[in-house]
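Pasting the structures here.
Both complexes below contain subunit A, partnered by subunit B and then by subunit C.
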Partner chain A sequence: MFGRMFKGGVAVPHRKNTANCETIGMDIPTKIVIPMVQHIGAPCQPTVKKGDTVKVGQVIGDSDAFVSAPIHSSVSGTVTNVGPMLAANGSHVVSVEIETDGKQEVHESVVPPEINNLQEFVSAIRKSGLVGLGGAGFPTHIKMLPPKGKKIDMLVINAAECEPYITADYRECIENSWSIISGINIVVEHMGIEQVVIGVEDNKPEAIEVLAKIADKNDKISIKKLKSLYPQGAEKMLIYATTGRKVPPGKLPSDVGCVVMNITSVSFVADYIKTGMPLIKKRITVDGSVVFNPSNVEVLIGTPLEEVFNRCGGFKKPPYKIIMGGPMMGVAQYSLQTSVIKNTNALLAFDKVEGDLPSESACIRCGKCVEVCPMDLLPLEINRAVVGKSVEGLNKFKVMDCIECGSCSFVCPAKRHLVQSFRLGKGIVRKQAAKK
Partner chain B sequence: MKNKLFVCSSPHLRDNSTTQSIMLDVLIALLPATVAGILFFGLRAAAVIAITIGAALLSEYLMRKVMKREQTVGDLSAVVTGLLLAMNYPATIPFWIAAIGGIIAIVIVKQLFGGIGQNFMNPALGARVILVVSWAKQMTGWVPTRFQTDVDLVTYATPLGALKEGSALASYMDMFIGNIGGCIGETSAIALLLGGIYLLVKRIITIEIPFIYIGTVAILSWILGPSGAFTGDVLYHILGGGLMIGAFFMATDYATSPITRKGRMIFAFGCGLFTIIFRLYTNMPEGVSFAIILMNIVVPLIDRYTIPVSFGGGKNVA
Partner chain C sequence: MSAILIPILAIAGLGLIFGLGLAFASKKFEVKVDPKISEVREVLPGANCGACGYTGCDAYAEAVAAGDAAITLCPVGGEDVINSMAEVMGIEAKAVEKMVARVNCKGSWENVKIKFDYDGIIDCESAATLYGGPSACAYGCVGMGTCVKACNFGALVLENGLAKVIDEKCSACGKCIEACPKRIIELVPAKSQYTVLCSNLEKGGEAKKKCEVACIGCGKCMKECPFEAITVKNFCAKIDYEKCKNCGKCLKVCPTNAIHKFVPHK
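Our next item is the complex of A and B:
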């Protein structure tokens, strides 16, 4: 029942204030903006133009590339603009702006898919637009098609939800357990999976109870209770904690016979196969010190952040920082006009006290960063290599193996901007590699 | 929106510990030994401590000013250095030498190499060794504690000195509580142990260095006994000199000990080995300071050969 322990990790505060907040819906926004980059991989090209009318579930962006996932309209209405707009990742991304008509008419392409074999299953998953909903946003269908010569025998379900504040996956367990079990069965059947293991942190006893009931009915499924330790939900750590397998640096879970799916993703698979409705909405935890009513909200993809916050009673005082995602790995937002995308799982609003960036002081070599690094790296040495712009040092201390979990920055008493510098370091290494 | 949003790289959450809070914890951990030192060696010890800390603080402040670097006097690291150095003085040290020690520790050993985290040698120990070499007599002016009455002041020696000369030995109990001759802060094993446990509990230090350092000294002193193998007086070697303060407070100095647990084990073993070599096979009765400094110098080498393999890498490939 209990999972293994990976080395390192930090005890971040849980702050799961919204754990008991049942998911609420919200009104159809008058205008939504859907960016064409919502996943890791090739951006989509818009398939609609200004003036077109669109319906719910209609494809509005797609790509010929393998590593990509189509993007659907979450509303019915009229396309008012197509072009670069500020997106949640901080850059300007080609986006489709739609003025809604409030009717939410469903597009005729939305019909339950017919699936008879793995090929059809994979192409159905691609059509659904599903990407990893845990946060990374990797197109799911690619994981369903293991590389030639590799056997996938293990399905790992990620219900760890180790980031503070976020309870969206937890609510999925409580509110939608039928879809979870059904989704697991579908994936198991089509991929020929032998064993399923669900990893949950031990700070969610109710979720463990619900999932245990599921596991009882099926002898392929087992549950691993994981110690609440960040970053328990990081893919490599989770695989190790639940199966004892270690994914080598630069390799994928499929290299050790595993496929990892977020619990909300697997649940969506069931819903999609039942209804044919692609990924157009998402449950989001809205929390943070300046949010009036912290809640879990079901949000249409493309909804401007400001409207989501308004659904939660707005702000107690002007927010100093807005984060999309959890506080450890989430992305700070420039504007409240950017929109919710597929892999958004939380929106947090902080005041200055919580949101400010402490200033750096000199490294005292206390070694806490080394102690907590789940990847067994030497964060202080990588930081020194970045400051000294030493490509040799960056490679020697393996900056590319960093998963950017933020544990080192969290514990650093000198408040050094470690992860930030590693992102710069990775850029330096990539640039150098491109030169050769 | 009128208010601009603040944007920075993740993580957006930090824990509360700071360099200052860590240094404060070290000072708290040194409190029992400081009180014991003043108790055993009188108010002069208190004056020596105050002067040394003052000299260290002033040096830190002025050096940062002169070098036009950001002021770090508030991080309390200079207080820790000053206090540790004073703990390594005999209570009889002339005040001016005590002050010079504080200046050497901060100016030469610490700031000239870049300040906190950059020094390659423990500042307090570096300064102490320079003083021992420069003013050998004043740095070994041992006196009995205020509670040792029936002692010969002319031939008075520390327990390890007595061991070397073959004169009368102190009792284990006196050594455990600190009622023996020696430096201000090194004599009370119980007070240092309390502080060491505090540091371990607060996770300021990890167990490897004190455990392996003291363990190595224990095993080697037992094996290499005066009358053949396995005849050594283990407790005497553990309690009699600067080992307790060295293992818990000196060898664990962040800047001058290895960064990985494996490296720290190698480092601690080296400290133990050299301590015993100095104590048993040289003219000096004590070797903790020299052993730690010697190992300080080897730290970059140890770090170079103990770079960990990334998670999932190396032989662990599944």
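Our next item is the complex of A and C:
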């Protein structure tokens, strides 16, 4: 029924409680903090200083590096501080703090871009500040410009949304289907793409119906119904499931002629080309056992987490664990003062029952982790190498190929902290490489 | 009687034949080994810690015997080993200062604020990747004991979430320095008694908010020191152990108790 499937994967509970929650807006917060690191690549340098007035859509951070994307102000107001502040990635990064005036005046630079060729298209996308909205945060314009000698003929649209709880992309399909189709058309036209395939998991029948209507109107576009299996939405798994092409380890989708875009990202492309408004807001799923009203909220980038939770009625009881992102790959937060960034797609708050990390016991070598690993790795052996801090073992069992999806940790009957230990292992390997 | 005599004689006979064979082989295929290697190896402590830069005591002994390595490289053995090695090698020994490791942090549970409950892998490196660890101070000891595990001599202990060095056991091999993700362990001369036990580079107020005993960079010790041994850089004082004469005046003026006195051991 589903055709190709990647190897491994786990059937995680869906918990898509917010699937029918229409996106709600929220008031302009009085103060926002925009970190200068919101993507993979070079961090931005702030282009404003304390005391400056900024308007909506104004560039407040940029970088000369190619692998980077500018950062825009999501509000109008006054810059009250520029300097290192606590960010959601777990470190202090240079951030711009803005006190809002509530007027939301739009900056004069916000005009629809003029695009005549691929080069202009790529630079327009860079200017829009778009990064992969699925969660990884890779600057999108880089994907648009394939390396020399490589032909991209396939656009894969990622609407799998395989992490439990998150319904932000699903709501995009339902609420913004016209933007999605025009976004796809724009990308197809400028990049000269021959075929488009949209991958959706089969637990989203409504989204499939809406997208099927889109696909009907254009014979380049097809829809691929995917089995709901985690991590179906991981780039390499998705490419295999939708096109049958295999991306070898250490290679990029462009090596097999594919470009993968998140469904919200394509939809944003259409909006940007039409209005010129850069990426300043994001739909976020707020859910979890202690959230009063689980909802989908449209949030300005830089909004403190506390305000987002308040918009959803606050907490039923004090949360034990707060996670930014999905429950499988998200990062736990300890402060509600950190802010929403471009690639945030969910905020989850749990009580102790759900949030507690079970304690480890000894590995019984049952091999379940090997069965579920979508990257064909041997998690138990990598774990052993990490415990023994053996660089040789880590390299032998290819810890660097791990995509940190967490499937192995999910199935482990001994509750070993596998994926956490692989992060540690990657650190050990990197440290060793730096020494040489 | 003969039933037991025959096997005994047979075994004895076989033993004799093999023994002669082995004796012949050991003469015939003998590999000449520099006797100095084993002599040097004898005096080395045998910890195989690798602090000398060689893969273990054997490798270091070979290098010393071949004259490729200096005899002062073993921090574990200290002066005694250097003297014995000098004797074996027939060269003159130069005095080497005994060093000890010190953890430049005083942020135990009662002193430093805790940001969050950490329930991941008990390893400093792992904890440090998440918001720099559960301790409020991003520069201080993570307190998961990675250095304790790294120490081959049992010279480090965890006390209230803070790593401490037991001077008597420390052999200054430097393994803990490598292991610490915050890089707050350093080697200091064992005779020096005073150390600023803080590595926080934030402004005084910020540091003090996070830790009761943080160095706030006030510079009082710098002014007080008669030997100009103390410098304050990035709001954190540092003692130059070459200039320090152990007078202890800095300790008396420190408003936060960030300076600590170590009692030298005999």
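Here, the second predicted complex is superposed on the first by the 433 of 436 C-alpha atoms of A that agree within 3 Å, B and C clash if a C-alpha of one lies under 4 Å from a C-alpha of the other, contacts with A are read in each partner's own complex, and residues count from 1 in each chain.
Simple rule for what comes next: contacts are C-beta pairs under 8 Å (C-beta built on N, C-alpha and C of every residue); 3 or more make two chains touch, one makes a residue touch a chain.
Computed from a predicted structure; not experimentally measured.
Steric overlap between subunit B and subunit C is absent once the structures are superposed on subunit A; the two fit side by side. In the superposed pair of complexes, A:Gln420 makes contact with subunit B and with subunit C alike. When the shared chain is aligned, subunit B comes close enough to touch A:Val370, but subunit C does not. When the two complexes are superposed, the chain touching more residues of subunit A, out of subunit B and subunit C, is B.
Contact with neither subunit B nor subunit C is seen for A:Phe309 once the two complexes are overlaid on the shared chain.
In the superposition on chain A, A:Tyr334 contacts both subunit B and subunit C.
Residue contacts after overlaying the shared chain place A:His92 against subunit C, while subunit B stays out of touching range. Look at A:Leu357: by the touch rule set out above, it reaches both subunit B and subunit C. Judged by the touch definition given at the top, the superposed model places A:Leu380 against subunit B, while subunit C stays out of reach. No C-alpha atom of subunit B lies closer than 5 Å to any C-alpha atom of subunit C in the overlay. 90, 331-332, 334-335, 356-357, 417, 420, 423 are the residues of subunit A that lie in the contact sets of both subunit B and subunit C, per the superposition on chain A.
Looking at the complex, you find that subunit B touches subunit A at residues 1-3, 5-15, 17-19, 21-22, 70, 72, 75, 77, 115-118, 206, 254-255, 259-260, 307-313, 316-318. For subunit A in complex with subunit C, the residues that touch the partner chain are 86, 90-92, 331-332, 334-335, 356-357, 417, 420-421, 423-424, 427-428.
Across the complex, subunit A meets subunit B through its residues 6-7, 10, 12-13, 90, 164, 236, 240, 245-249, 251, 255-256, 318-323, 325, 327-336, 348, 350, 352, 354-358, 361-367, 370-371, 374-378, 380-381, 396-398, 401, 404, 406, 409-415, 417, 419-420, 423.
Residues of subunit C touching subunit A in their complex: 115-116, 119-121, 123, 125-126, 129-132, 138.
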